[in-house]
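Structures are listed in the sections that come next.
The following pair of complexes shares a single chain, chain A, combined with chain B in the former and chain C in the latter.
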Partner chain A sequence: MGSASTQMTITLYDFELSGNCYKLRLLMSILKLRYDIIPVDFYPGRQHKADWFLRLNPFGQLPVIKDDELVLSDSGAILAYLAKKYDETGLWFPDDPAITAEVLRWHAIADDITATSSSARLVLGMFYEFDLEKAQQGAHRIFRLMDEHLWFGEREGRDWLCSPDHPTTADIACFPYVMLSEEGGISRQDYPALRRWTDRVRRIPGFVVMSGIFPAGRAAS
Partner chain B sequence: MPLSLSDSTWYPIASAEDLPLRHVYQGQLLGRELAVWRADDGNVNVWENRCLHRGVRLSIGINEGGELKCQYHGWRYANRSAGCTYIPAHPADAPSRRIENKTYPVREAYGLIWSAANSDLPFAPFPGAESGDWFALRPMPVNAEPADVLTALAGLAPDDQPADVLPGMGLRLGEVTYFVQPVDANRSVIRGLLAKRPENEAAALRAHNETLTRLRDRLERAAARKPAPAALQPTFDKVSVELSTMPDIVIPRGNTMPVVVKRKWQTADGVVGFELAARDGHLPTFQPGAHIDVHLPNGLIRQYSITNGPGELMSYVIGVKQESASKGGSKVLVDTVREGDVLAISEPRNNFPLRRDATRTVLIAGGIGITPLLSMARFLDKSALPYELHYFTRAGEQVAFRDELGALHGKVFIHTGVPRSEIATSIATTLGDWSRAQHVYVCGPSAMLETVRVTAAAQGWPDEAIHFEYFKNDKVIDDSTAFDIELARSAMTLHVPSGKTILEVMRDAGLTVPSSCEQGACGTCLTGVMEGEVDHQDVYLNDSEKQSNTCMMTCVSRAKSARLVLDI
Partner chain C sequence: MESRKAKFIGETVLSGYAVVRQIPGAKMTSPIDPITADLWQVIAATDEVAIGVVETTLLLDQPIAITRDKDGLPVVWRRTSEARGDEIDPETIFDRLPVITGYGYIWTSFGNPPKELFPIPEYAEADRKNMSCGSIGLYVSAPRAVENFLDMGHFPYVHTDILGAEPHTEVKEYDVEVSEERDEVLATRCRFFQPRAALSATEGQEVEYVYRVPHPFCSVLYKSCPEDDSRRDVIAIFLQPMTEERCRAHLLQSMVDSTSTITDLRRFQQTIFGQDKPILENQYPKRLPLDPRSETPIRADKSAIAYRRWLSQKGITYGVIPMAS
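Up next is the complex of A and B:
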């Protein structure tokens, strides 16, 4: 176990407008980790397909992180790594096998949210040629299920995606492209419980914003 | 039947539990998007979902408890009235109280939030509403025409027990009462109510949710097979130029309105609190530092600061000093006005606006001067902005509004019995040296105001960082001069002889000019000066404003030059 004071040098290969990079900035802010940023011009520069970047991640995807000499890619995998390595409370990626499975299930759903909500945003914001309607419908299908899960969670006293009474990396992984869905033309009006959950995520101590994601203001005292 | 934008029917638009404190719910009824939020006092607001400024959705804004703050440029709107209370781009000005967002009627009842497209119909409970202890099911949004959704719900009934049709797209089907919220031409929300809380809540909610999910999927498959009706096209009313521009520093006196003295109490030794309630609905929007004119039974008009916090519009609370020496003003209020009496008051006006962009805000009150500063502290408190409130009284028994002060979360210091000789030292320590974006607001006896002004200036505080409001003008007015006034807009030249005020001369000439205190303290008769040199004798303008020679108070100030040209 390391700690913030003895941590090695973390470098984030980052695109400011990427929700997947933001997931890492968010967790590192919450865990009070210091890190350097190397900007990668995803759009319009397509630097994530440049040779130098493909040597870091042959799949050509952001984000990539370097912790000393260790190079890691995939936002969900890195969230798990950062939590297991630097979160001394053990809350963000709990060790309990059943809860680990729960968290990983939502990490997978987070990837589905990226494949749908983020794709729609790439069509409308960065002129990618994906099937917009299919992406939007896919996001709505996931949001419906999330809203139902969170609505019943509120009734059962569960505020977060997984069963512990605190947020986990599952919440961090799913949050950005839920919150950015309007940029892909996906309204969240029909998902009131999902909207309330985004308030709760935005009130986690250490929360930071990115373009398109606004603060929620204080909770009632 | 196609939906109509002008349908006046009340429909449910949310569950009561959709609106926790400090959340903004996004809703829609008959094609119009809604920002719905519950204030800390429990009141539910249903507003058009767009900021008057740049049209950004208010549903992404911040619910601050008494005000809703737009996420884009930070305009704030008050609970209940939706009146604009603060514009960050004009931090030193009071926004026009006439800037109001569009609101829709609202009623919270039977576990649901109800609204309507207009106020043409009063809210009417559905048949049997009063007999239930209602429990809301999980709402089920459906991408299908509201009429089709209603038909499909009716189809859930067994053949021998058809559904009872209720007004407002409602149905009763055994133990469940359903309403269809017409979101848009091709969008609906099914809102179900059980007449009592089920024994096994979780199981019942899951079972109903499953039934409605199956119904939704069936409805959406059917809807996909036919052409979707065109979405409703609501129009948005434009804000008139008059309402959207910044007002002059003073709004001329409007009509008075009646208020009922709901409560009168001794809040401290020598201070009586009055709670003045609207006779119907809520009172107009006000900003911190605002005051009202109270028309007294003996014909006098006196100004009192509103002590309320943000969004508290059901009544205004003022504090009145019990002065034995008071000539007819406060004395009449204290001695003769009783609970239940009706008084006339003006709409709130603000000559003492509060900036909300300071890194440090120091509020200094002396005696009854606590009233506007209590309001300021409450606004800053709700927005979690830093402030220090220093309240000087002669003795502990004279501390007014103790409960209200106790409810604040910021730094509140009560200084009692500080000898007059030590007040300056105490204020000097409190203020410290000035640095950027620090502001001090002071209200109290003239001597104290002078002390704060002098002390602050000596410690480097610039005029624009020192904000004050005088109660009265203690100066002896020199009205010995005689001069001419040229009224540029009225195309008139008048002579002001010694012994008469400019205001009196203008009124003698038939002009209608607003005024209130007529002693150079309230700011009502503020007038623009185009030429000539003013002999300022008021306590309303600060030194910079006086030196600018661009405005004057016509009730007491006069001319040093032979002629003044006024913008009137």
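Up next is the complex of A and C:
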């Protein structure tokens, strides 16, 4: 962290226990971007609904990023922005129209994972009043489809969610609330291909953890 | 349980009529041992309960409701049809549970609680930053969470590069006693090398801890303060037993730190606690076994052994697997 001379000053409005904020910390770590953190007390302080925060994002949601004067919100949109702007390899958010569509398709699924797995976690951990059973069932449905997709992928030699032979922002977007699902009472025991994929994500050079997510074991899975 | 009608003014506020009432559709409840019933149980951070608005939670399998009256004093009762967020006139609530406030939290009881909470004198020191750090749900019993709080052995592995780091993994010899006079477990001379002992720490240091367990479901730790050698930071965990296998952890920090903001300090503590959560929730059984033969202790577990024995001698059965008699 700290200001950089070669890049503009990126500031992340961040809550440590938020998987959506972690998506950006993870990609910025992989891309070796330096950034400053402004902690936002999401719980119990509810600062994401405070006036000063609503001026940054009227929808009252984390994360928000400031890149010099540019203010952006929505984790999926910011992942795309950071990759397009700072990833010189062009691998994390590829330009090819068909692959862009694939990546965006998984960004949308990542939002569905947030609406299910993350909601269940908020019910059990922070006492939000969502329908727990519905959230858990919804997450299982997504995880089953992901597990199938990844299982067939492995048979075809594809390790990641999208077709290129390298990870994209789709993998970053879907990863956190898959990994945090146990906190929402959602076991991943029945999804072996999904678990193998989480191990691969955790071995990406530059990977960082957040509270609740541990590094992959040292042995190969 | 005996009803009480005593009323106090001051720190000990209200004691009302504890009416046992079966909620329609409520799940079968576990028997509450008389020791647990008579304890003060933490239920919410005072500031997080709005005046005239209903907050709800679960305590010892019982649904309860909380609000605050126009003077800010908490009112607690067994929940019937009220929903969270409802507006309510506290004057209309007659069947109240006993209430006390302390350390930024609201406490209640289903029995005959003592006059006062256990003491944390440091909390009253004027220059400390006192704060709640969020009430976090845990899928494990309250005693398991207390035991994890007492354990230093996991620091390098779970709180890597903050509260511990390899190769500094040794838990050095420390002292444990059960204070008869204060009826609490006390562990002293606990020392551990910590890369970042507190938010205010700028370098790794050997940190000295004192742990107190002054309540079967609460623990208070004192650790050397990076900013002032002569004082200690205080971090406490108050567990609200929701069921025998679920609890809600209420975290208190009482810090000597002239530079950090409350948001920064909360973040530091939540980072630590978020690391503990999955480890705790993977413990089986969820209830704490009190039979010394059921789990193999090592030297580092001295305080845990004393804690289990203390619970057993008290006759606590809620949230534990008691010794076969």
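To be clear about the criterion, the second predicted complex is superposed on the first by the 212 of 221 C-alpha atoms of A that agree within 3 Å, B and C clash if a C-alpha of one lies under 4 Å from a C-alpha of the other, contacts with A are read in each partner's own complex, and residues count from 1 in each chain.
We adopt the following convention: a contact is a pair of C-beta atoms (placed from the backbone, for glycine too) under 8 Å apart; a residue touches a chain by one contact, two chains touch by 3 or more.
Here the structure is a predicted model, which is why all the values come from computation and not from measurement.
By the touch criterion stated above, A:Glu16 is placed in contact with chain C alone, chain B being left untouched. Of the two partner chains, chain B is the only one that A:Pro192 touches; chain C does not reach it. Looking at the shared chain after the overlay, A:Gly45 reaches chain C, while chain B stays out of its contact range. In the superposition on chain A, contact of A:Leu124 is made with chain C only, not with chain B.
When both complexes are overlaid on chain A, the residue A:Glu183 reaches chain C alone and has no touch with chain B.
Legend: residue contacts after superposition of the two complexes on their common chain; A:Arg155 is shown touching chain B, with no touch to chain C.
After overlaying the two complexes on the shared chain, residue contacts for A:Ser211 are found with chain C alone; chain B is out of touch. Counting contacts by the rule stated earlier, residues 214 of chain A appear in both its interface with chain B and its interface with chain C. In the complex of the two chains, the chain B residues touching chain A come out as 14, 17-18, 20-23, 25-28, 33, 40, 60, 62-65, 69, 71, 138-139, 141, 189, 201-202, 205-206, 209, 384, 409. Contact residues of chain C toward chain A in the complex are 45, 48, 57, 84, 132-137, 139, 248, 262-264, 266-267, 270-275, 277-278, 281. Within the complex formed with chain C, the chain A residues making contact are 15-17, 39-41, 43-45, 47, 124-127, 129, 182-183, 185, 210-212, 214.
By the touch rule above, chain A contacts chain B in their complex via residues 148, 151-152, 154-156, 188-190, 192, 195-196, 199, 214-221.
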